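The structures come next, written out as structure tokens.
Here chain A shows up in two complexes: once beside chain B, once beside chain C.
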Partner chain A sequence: MRIVLDDVRISREEWSLSARGIFTEGTHLVSGDIGSGKTTLSLMLAGLLKPSSGTIGREEIVSRMISFQFPEHHVTGSTLREECASWGIDPDTVLASVNLTGKEDFPPLKLSRGELKRLHLACVMAKQYDLLILDEPFSSLDCREKERICNDLSLCTQGITIIFTHEQMQFPRVDFIWEITGGSLCSRGRLPDALPAWEHAPAVIKKLIRRGNLPENLTQKDLMEAACRT
Partner chain B sequence: MITIRDLRCGLLDIGSLDIEPGITSIIGPNGSGKTTLLKLLAGITIPESGEILVDDRSPRNVETGWVNEFPDRNILFDTVADEVASPLRFRRIPCNETSRRVTSHLEFMHVTHLSTRSIRELSGGEKILVAIAAAAIHHPDLLVLDECDSHLNESRAQETDQLLKETGARYIIRCTQQMESAARSDRLIYLEQGRVIHNGSPPEVFSSLASSAFYPLSWRCGL
Partner chain C sequence: MQDIRLRTGAAILLSLAAFMSLAGAALALAWWLIFTGRFARIKIRMLLPVAGMLAFFSIVLALTGGDGLSYFFRMMVILLIGFWMFAGHKSGEYLHLGVWLLGDRIGFELGMLADMGMQTMHLLTRDSGQIRVAEQLKGMNAGWRNLAPAGFILVSGALSRAESTAEIMAARGYRDGGSFCPVFVPPVKDMLAGAAALCVLAISFIPVSEFFILYC
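Coming up: the complex of A and B.
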């Protein structure tokens, strides 16, 4: 199972993004500046946007799912019950898992953005996919929820998971780091060796590396272990 | 000083709270009433009971800039330049002056390169920068920002914090789920289930949250 990007390019007026490389099974983290093309790349990988040139091959991928940056763009139901049912899952179970029991008849768009994101991610994570693309999955979630989602993602060991994020504090266990820089997608490789070359690394990780304490991975446990290392 | 007394609105229940000028971050779990409090401070919502005064004025009598947590709900016009100009046009500022101020403000917010773009085509972070620019162009006394930094990377969030200080707004009140960002504020308010649980400087509030997921990672790592 893999995704092969062969000389992919997409452009718009003066802006362009080039990408080549192979996403293999495991969890990939993609970072980049605002407007660098993270969402554009996520849409291309999901097959929702065609590149201007080049090809994207999805080998042995049968099921795929993309979680958009804005949870409100996923909403199709007029109540929480309808919204959960639209994902083909039992509303009672999902709503209980995100502490929204009792709000079955509440309109999804009247939830706080964090609550809506929490519900949306619970609907996404209720099933397994060969390819799971998450565009800014942690935005709007409170710190406890970020921690919970990161734990769930760390347990996800099958298929390809690609996370696009500028999160600085909470991460799941990640296998590969990529970043968009200078209009191109660059592979920084497998963790932990990828970390010193990661330009968009959170300030905490950069400080740990400067101290000579390279974390094994990105989870809070890994970062704390590196911080406490003598 | 912003004074809140006997405030009730939905889940929110605040007996007494004073907010001094500067940057105040409101933190807490999802659904704890942060957005409700921000909407009350901005005058978008009227309290069911109780009182909010901003320097002895009702929020609706204060020049306020507001940025919604749903980026698309901030957009009224198509292009960035028109959106940022809109607060001045609504105030019937002459065209020449509007044009001059928009040019200089886009430069100040480092978004000049976006001026002719359609906002709907922008990335989430770019939409928020434009919304902040529109909220700040008429020099509000009070800037209310609902989780703007959830769409910004760290370097851009730090840069934006600096720009916000330079807008001259007497009060900048925001909610955030980025604790590194919250730690840069002058003061913090921690809400849970509609009530103010902690209120004070970042070291004071975070010392009460040291064992929780809300404690900043850099502090936990001693960095």
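Coming up: the complex of A and C.
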């Protein structure tokens, strides 16, 4: 199971993004500045946007899902019950898991962005996909929710999970790091060896590396372990 | 057509001509083909449902003794003119038109409302595209059952946006009217098209018998 990007390029007026590489099974983190093309690349990987040139091969991928940054873009039901059912999952179970029990007949678009994001991610994570693409999954969430999502994502061991984010505080356990820099997608490799080359690394990670304490991974536990290492 | 005054004027004249008579509709169609060149750019997916609805009413009209075929043709031409008018919209141009036509108070208000309405139309088109993508991702089959929730989402989204806009305008101290200097740069081609639209309406008003003196 893998995704092969063969000289993929997309351009709009003066802006362009080129990408080549292979996404294998595991969790991939793609970072980059705002406007660098993370969402564009995520749409191309999901097959919702065609590249200007090059090809994207999806090998042995049967089921796929993309989670957009804005959860309202996924809403197709006029009530929370309908919305959960549209994902093919039991409304009572998923609503209880995000503390929305009793709001079954509430319109999804009347929820706050954070509540809707929480519900949306719970619906996405309730199923397993061969390819799961998450575009800014931590936006609109508070620290506690980010931590919960990170824990859930860290438990994902099957298929290919690609997380596009510019988050600097909370991360799940990831296997590979990529970043978009200078209009190109660059692979930084497998963790922890990828960390020193990661340009968009959060300040705390850069500081730990400067001190010679390379974290094993990006979770809070890994960072704490590295920080306490003597 | 870049000049909103000429585009709106031409659309009104041509719609009137098409509505008045079959000959007017034929001339308006000829105008549309010559001056817009949009035949290849028509989105059949958007046109078909409206054309289907028109066909239904035309059949009902024909069955009740009216001229259903003529009605269908005339309305289709008006529809094409409407699509052309909608597709050529640029943000803010109705504000220019409104202020030019009716001044800084009523013109400003009406122009701004028209622009907001057009913006809402564009956003509704975008939203319905997003709903289709979401349905596709969830593996939902497109069908009549999904239409009601989709309609609800579109309407509630539009109302929510309108409420937010109103709140923002109130917070910024908006009461009514405003000062605005409209600017228009009508190209020669636009003026020619405008004059041609006027001719279409004039010809559609003149009875055919006035042109041809028939002797028995």
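Observations, loosely collected:
As a working rule, the second predicted complex is superposed on the first by the 230 of 230 C-alpha atoms of A that agree within 3 Å, B and C clash if a C-alpha of one lies under 4 Å from a C-alpha of the other, contacts with A are read in each partner's own complex, and residues count from 1 in each chain.
Basically, a contact is a pair of C-beta atoms (placed from the backbone, for glycine too) under 8 Å apart; a residue touches a chain by one contact, two chains touch by 3 or more.
Just so we're clear, the structure is a prediction, and the values are computed from it rather than from any experiment.
In the superposition on chain A, A:L48 makes contact with chain C only, not with chain B. When the two structures are aligned on the shared chain, A:D130 is found in touch with neither chain B nor chain C. Look at A:E225: by the touch rule set out above, it reaches neither chain B nor chain C.
The wider contact with chain A, measured as residues touched, comes from B rather than the other of chain B and chain C. Of the two partner chains placed around the shared chain by superposition, chain C is the only one that A:M65 touches, whereas chain B remains out of contact. Of the two partner chains placed by the overlay, only chain C lies in contact with A:S86; chain B stays clear of it.
Applying the stated contact rule after C-alpha superposition, one finds that A:G77 touches chain C and leaves chain B untouched.
Contacts of A:D6 after superposition: neither chain B nor chain C is touched. After overlaying the two complexes on the shared chain, residue contacts for A:P107 are found with chain C alone; chain B is out of touch. The contact surfaces that chain B and chain C form on chain A in the two complexes overlap at residues 72. The residues of chain A lying in touch with chain C in their complex are 48, 65-66, 72-78, 82, 86-88, 107, 109-110. Residue ranges of chain B in contact with chain A, taken from their complex: 28-31, 34-35, 69-72, 121-126, 129, 147, 150-156, 177-180, 212-214, 216-218, 220-223.
On the chain A side of its complex with chain B, the touching residues are 12, 31, 33-35, 38-39, 69-70, 72, 99, 111-115, 117-118, 136, 139-147, 166, 168-170, 200, 202-204, 207-208, 220, 223-224, 226-227.
Chain contact summary for the complex, chain C toward chain A: residues 130-131, 133-135, 137-140, 146, 148-150, 152-153, 156-157, 160.
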